[in-house]
Amino acid sequence: MKRPLTEEKVFKDPVHNYIHVQDTIIWRLINTEEFQRLRRIRQLGTSYLTFHGAEHSRFSHSLGVYEITRRIISQFERSGYKDWISEERLLTLCAALLHDLGHGPFSHSIEEAFAMNHEDWTCRIILENTEITRILQDVEADFPRKVASVIAKTYEHEIVVNLVSSPLDADRMDYLLRDAYYTGVNYGTIDIDRILRMLRPYNGRVVVKESGMHAIEDYLMSRYQMYWQVYFHPVTRSSEIILRQIFRRAKELLLQDYPFRFMIEPLPDLFRGEVTVEQYLLLDEALVQTAFMQWTLEEDELLSDLCSRFIHRKLYKYVEIENLDADTIGEIRRSFAAAGLNAEYDLEIDFPSDLPYDVFRPGEGFDNKQILLLDREDNLREISEVSDIVRSISGIHRGRYHLYFPQDKLQKALPQLPPSIARIFAK
Amino acid sequence: MKRPLTEEKVFKDPVHNYIHVQDTIIWRLINTEEFQRLRRIRQLGTSYLTFHGAEHSRFSHSLGVYEITRRIISQFERSGYKDWISEERLLTLCAALLHDLGHGPFSHSIEEAFAMNHEDWTCRIILENTEITRILQDVEADFPRKVASVIAKTYEHEIVVNLVSSPLDADRMDYLLRDAYYTGVNYGTIDIDRILRMLRPYNGRVVVKESGMHAIEDYLMSRYQMYWQVYFHPVTRSSEIILRQIFRRAKELLLQDYPFRFMIEPLPDLFRGEVTVEQYLLLDEALVQTAFMQWTLEEDELLSDLCSRFIHRKLYKYVEIENLDADTIGEIRRSFAAAGLNAEYDLEIDFPSDLPYDVFRPGEGFDNKQILLLDREDNLREISEVSDIVRSISGIHRGRYHLYFPQDKLQKALPQLPPSIARIFAK
Amino acid sequence: MKRPLTEEKVFKDPVHNYIHVQDTIIWRLINTEEFQRLRRIRQLGTSYLTFHGAEHSRFSHSLGVYEITRRIISQFERSGYKDWISEERLLTLCAALLHDLGHGPFSHSIEEAFAMNHEDWTCRIILENTEITRILQDVEADFPRKVASVIAKTYEHEIVVNLVSSPLDADRMDYLLRDAYYTGVNYGTIDIDRILRMLRPYNGRVVVKESGMHAIEDYLMSRYQMYWQVYFHPVTRSSEIILRQIFRRAKELLLQDYPFRFMIEPLPDLFRGEVTVEQYLLLDEALVQTAFMQWTLEEDELLSDLCSRFIHRKLYKYVEIENLDADTIGEIRRSFAAAGLNAEYDLEIDFPSDLPYDVFRPGEGFDNKQILLLDREDNLREISEVSDIVRSISGIHRGRYHLYFPQDKLQKALPQLPPSIARIFAK
Amino acid sequence: MKRPLTEEKVFKDPVHNYIHVQDTIIWRLINTEEFQRLRRIRQLGTSYLTFHGAEHSRFSHSLGVYEITRRIISQFERSGYKDWISEERLLTLCAALLHDLGHGPFSHSIEEAFAMNHEDWTCRIILENTEITRILQDVEADFPRKVASVIAKTYEHEIVVNLVSSPLDADRMDYLLRDAYYTGVNYGTIDIDRILRMLRPYNGRVVVKESGMHAIEDYLMSRYQMYWQVYFHPVTRSSEIILRQIFRRAKELLLQDYPFRFMIEPLPDLFRGEVTVEQYLLLDEALVQTAFMQWTLEEDELLSDLCSRFIHRKLYKYVEIENLDADTIGEIRRSFAAAGLNAEYDLEIDFPSDLPYDVFRPGEGFDNKQILLLDREDNLREISEVSDIVRSISGIHRGRYHLYFPQDKLQKALPQLPPSIARIFAK
């Protein structure tokens, strides 16, 4: 069952031109229900409300990650690098293809709202007797466990884990290129061919030939720009906030036995934290959007208002503030309540830099978060030791407080707010 | 209310780089519920099942059509062409922006299934007291009617109608570029700047300066290639067929009072042909997909099988046949029935060239389907008189019969089929 | 000496991103004097006077042809096609790289002016003891002869000849892409990856898998458009005409022992048809342009005027005429002479379609000018049998007569011309 | 004579798609001998020896600078910014178009070799009765002086000077884009549309709207990368060094009355520092290359060797050294001499960061080298105050010593060098 396809299959892809499938197993995995479900999960969550082109799915991203991994391995094999373990080719490709399998609808928001983790779900889907599990077992009985352990970063051969997950992994390279392509933002145009040529397997990890330093600098700058231009865009943050508020409100209502005009499986179990794998696989963004659309007609005003905002894109406005302490926050919330606003729902405070995105910060944390350069004498150095640019970026702690609020409601309440508070929102 | 915005607003767009909004009315129209709904309707229906990048929405296409129209008009005004009526600028822009407003989910398929027409819906949404209607009335009381009449091609000033709808209109130019971009197919890369520079308003219609002939040839070749490579792709046709079968089956069941495990507003009224504008606006692709996903669990095997096929992308296979007469079709259907297959659902016959797509065919039909060249002495000639290439394309009546069927079911029934029929599907 | 490089070398290339060199021999060939000379020969001759971006050299084109050939062969080998002879890899790559080695400055014009042939020169440079010869001999004594015979299309293994020279060869693919890139004209954007995947070695020639037909149609349309938009552009033709007139005049003067103010080796021998290989290698476009620049100061008015026109881009104007017979031509020339114009130099008649460019015309001539499609049952069919588009293009005999003339001189002579003649040029 | 063209003319340009010419004066200036000469001067000097695509000329760059300036002004006028002086439109366009007119062949190298300055030559060509001068006088008698004073940065209206020359001027924007396009290096892909939309005329200078900060960061990063990847590339430096050595040697020989086998006007006067404008206009890269080619046959071994190296691209090799003091340099030179090498010609020391390229360094020097951001309250701030990234780049003083030498000669002399010196070159 490890056999190659008799003829290579291709997918037309705007980013990589073609995705090349050469193994029967990969072809079968792509055609499973579980993998096809990724077509119904957007790669960038609510970013399409900011960048109308960003409707691309995790399906296409997953194919892209697979393709980049395939190219890296194919180059490792062509060059005959001795630190690469060629028996691990298929395992690495499967892990690369499947690494995002567990993402739910609007995943970062849903993960925050229900304290879930998409990697756990990926592993469960791989292991718990799905179509995926059965295909992987065709390779060998233990293969599903191996794939899951690569994703959980516990697999014995570090080089495989490193290829699938590191600061220079195929995941990051694909999403930079793909998100740049679909948003139309120019900043993600990294020279991926050059980067790929510069990668070397070395002592259980993927390192970079020293002469590739400028390409890596450029890659890190692209990431930096994409984070601030796209991933942290305040309009996207606004929509994520509303999304989380909808989940919060719907859960409150459910636990209060509110009689929903519309409810759909498996949302109740999701809200109660009791979904099975089978139920989880029913979840997609169509279902969530449909629920929201129907809830615009619910009697609970808060829920219906939030859903209208999300569906019709009447998002919260925001103001930026340089500094904000706990006292001021308390004061704002109190005066909001006094002015008849909802102190919890009508104000959200966001400080983008503490998001779970992984801007590269050398020196902080584990080895495998670092990018290492390999010089001609086979010495390794962490890139920020060598590159002034990388050192400069790494030190930057950018970010400002953003206060999000419903402009229409606030406008009405403005006369009731103390002038010092009103001034903040009057900008 | 015709006033310009104090500062131009832009949307980042991968195809046109930026969409420039300069009028308050345009800005307000974009922010209506009805226009935002177009985000939830894909531009290319089920093509994303063939080209995974093709997830782009009618929202982005509509902005693109608006932008191209804006550029054409701005060039007409800069050049001071006397055949352009500058008072009609805002009307033309509104009609360009709104021309696709009435598209429903998977619109071509739904139109066929329920004998509806998206242009009628566009006009109804513009006229029947929606947010759109009220904003247009802010220009002048009669403005909604004017916009609708441009879309219905009955407006008094022919040049406006021609700009919004003709073989060289902004609609076609945007979709070629956009569909090529999102599918990743190279064929749609027309030189739009050059085409725009060659357009002239002349006697109530938009014609082309003769020296632009090669650019038009290239544009028509791109259309030709896009039709055969993308729009008529057999995998897309297969998914459209299944989609229509689902609608057909669900309607049958509804009319038979089948007890649906899951049903959602406004599908019953849609199936009965009784939807109001308000209900119609609830329809989007998320709702349709959610219904299909839930119906995979219905007891009716035909419905649940069709929905599984669509949702999990287990589509029908096809064979191509050069010639096919009514007798043979009858024979195939009869032997299908005899072999225990469903003679209606398990076989669909498709002849792509008779689809409602408008490949350019000079000489057939109305004036305003023709592209006219304007020479230096102000003579008009239809392009195929001048261009050998266009004449060649126009004469081509390509197309073959495609038979679509469920491969797994057919495989089982194969021994029961007469050899002459079995041979057709054994290819 | 057939050994691979210890580490692959790359050239950054805007068209193919990187050119990959993997063999010592190829690397050494690129670094010879003779190959470096191609940097000083433009790929598109005088087209830079029409398209200012078209300054690219035969050096970059030759690298591109090599790179495409390398990719084709590498795919043949990966797929293990039995009709490919893997021993011929290096020979094929050398022939692909060197196939343009014999081009002189402004080669098509110089070939016409002095009845030379660049392929003969390529073979002579390969065979007559140059740096190239010596490197090829390092492979085996007979290797220079083999390479030359591939270029002369006499090599015993037809598949090698076919790869280097056929209607779908790497030469054509590279120049379409490259000329489109550097001129900025969009029409040359063929999907080269798809074409390459569709090629198959079959019975001594390279054929195309049937499912690649649309990609080939698109490729032929691109060629068609590039010919008419770029290669036959009347402004380029005008500059080529002046160039040939300069050569003609300088040769006349030399044979008359005219005392040139400036002359430079090896032009006199070139004009007399007596150049050696060593002399030929001194020829480049810098030398020719420098001679022309200096000749702007010659006493011979005709020569200095022609050189001024070329150097300062004061080209001939042209008029287009549908039909033109020998009688009319005679009449025009006579009245030119009578009006004091130079009947030979002040009028050039050009009919672009009879240029030595090879628009694809099935049915005319040799087998190896045809593109063959291979279907699933291994039948071969010539593409125009299958493709309506290709059949349409093939029948087209476009072209009009263009009369080129010095506008300033003609303007003065106009009153002396008979009205019927004057009218032709007054357009 | 300030009249617009009756119909806009365009040049096809790969970088800006089309260059739009709307004024008769601009059209006529482009068609002068002096401006056409820029076709024969490469934009990037000897960089084509490193990046084979970089054959683009100062002609195309000058058109590009004109086009960007035209777009900036057209936006200033459309937005009606009061700090823009619309009477200065034509003057600004002429200065933008002509600003590079005085560049000689391989200009940076020739400027260093003969202590010349291309801006002086630009002004002389504009003022000293050339075709250019006469056309400019058609606008008004004083117009040539005005154009020259804009280029010399002394014109009375600072906004005009600032538009033509500042850290965000059209010159820099065009060369980043163009050099990236022709070399194929990805780093220069700035979002020029966005930058242009962010520019504002303000108090005599062009500033940037604050919300454009990220686009400017990206622009400065692109410049940084282009400097290190392209402009300071060691292979290019090697060829520039050889070029300057050729000029040095040829001048020495001329002053010693060496009997040149080949000499051409106006090189002798150039070497003696006595060229007139008329002579200067004869200079182009074809002439220089032709002289070098002919000099490969000179008897003076040093000159012929240097010329061979340049023409046949057998460049100097280099080693990089972190630190290098005057003593060590002296020691190296002495041991070179002792080992029979040419202590002057066989060793060149280069420290790239001290080149005359203008990496942006805030705080150093004049106002008009700074980029200023304009916030909503009309406050100006220098960008590095606001942007951490810019502050980081600005502090970087990168650069290492590079020693260039003829590898073949050095190899032979190696045994004669002291081990401490030999070790440096043995890397």
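Couple of notes before you dig in:
For clarity, chains are labelled A, B, C and D in written order, and residue numbers in each chain start from 1.
Here, a contact is a pair of C-beta atoms (placed from the backbone, for glycine too) under 8 Å apart; a residue touches a chain by one contact, two chains touch by 3 or more.
Note that the structure is a prediction, hence the values are computed from the model and not measured.
With centres computed as the average of Cα coordinates, no chain lies farther from subunit C than A. Distance between chain centres (mean CA atoms), subunit A to subunit C: 51 Å.
The centroid of the Cα atoms in subunit B and the matching centroid in subunit C are 44 Å apart.
Centre to centre, using the average C-alpha position, subunit A and subunit B are separated by 32 Å. Counting partners per residue, subunit B has 17, 185 as the residues that reach two or more other chains.
Contact topology of the protein chains: fully connected, every pair of chains touching. Per the touch definition, subunit C reaches subunit A in the complex via residues 8, 10, 17-18, 79, 193-194, 197. Residues 185-187, 189-191, 214, 217-218, 221, 224-225, 228-229, 388-389, 391-393, 395-396, 398 of subunit A are the ones touching subunit D in the complex. Taken together, the subunit A residues at the contact with subunit B in this complex read 11-15, 17, 31, 33, 36, 39-40, 48-49, 51-53, 55-57, 59-60, 63, 181-185, 262, 264-265, 282, 284-287, 289-290, 293-294, 311-314.
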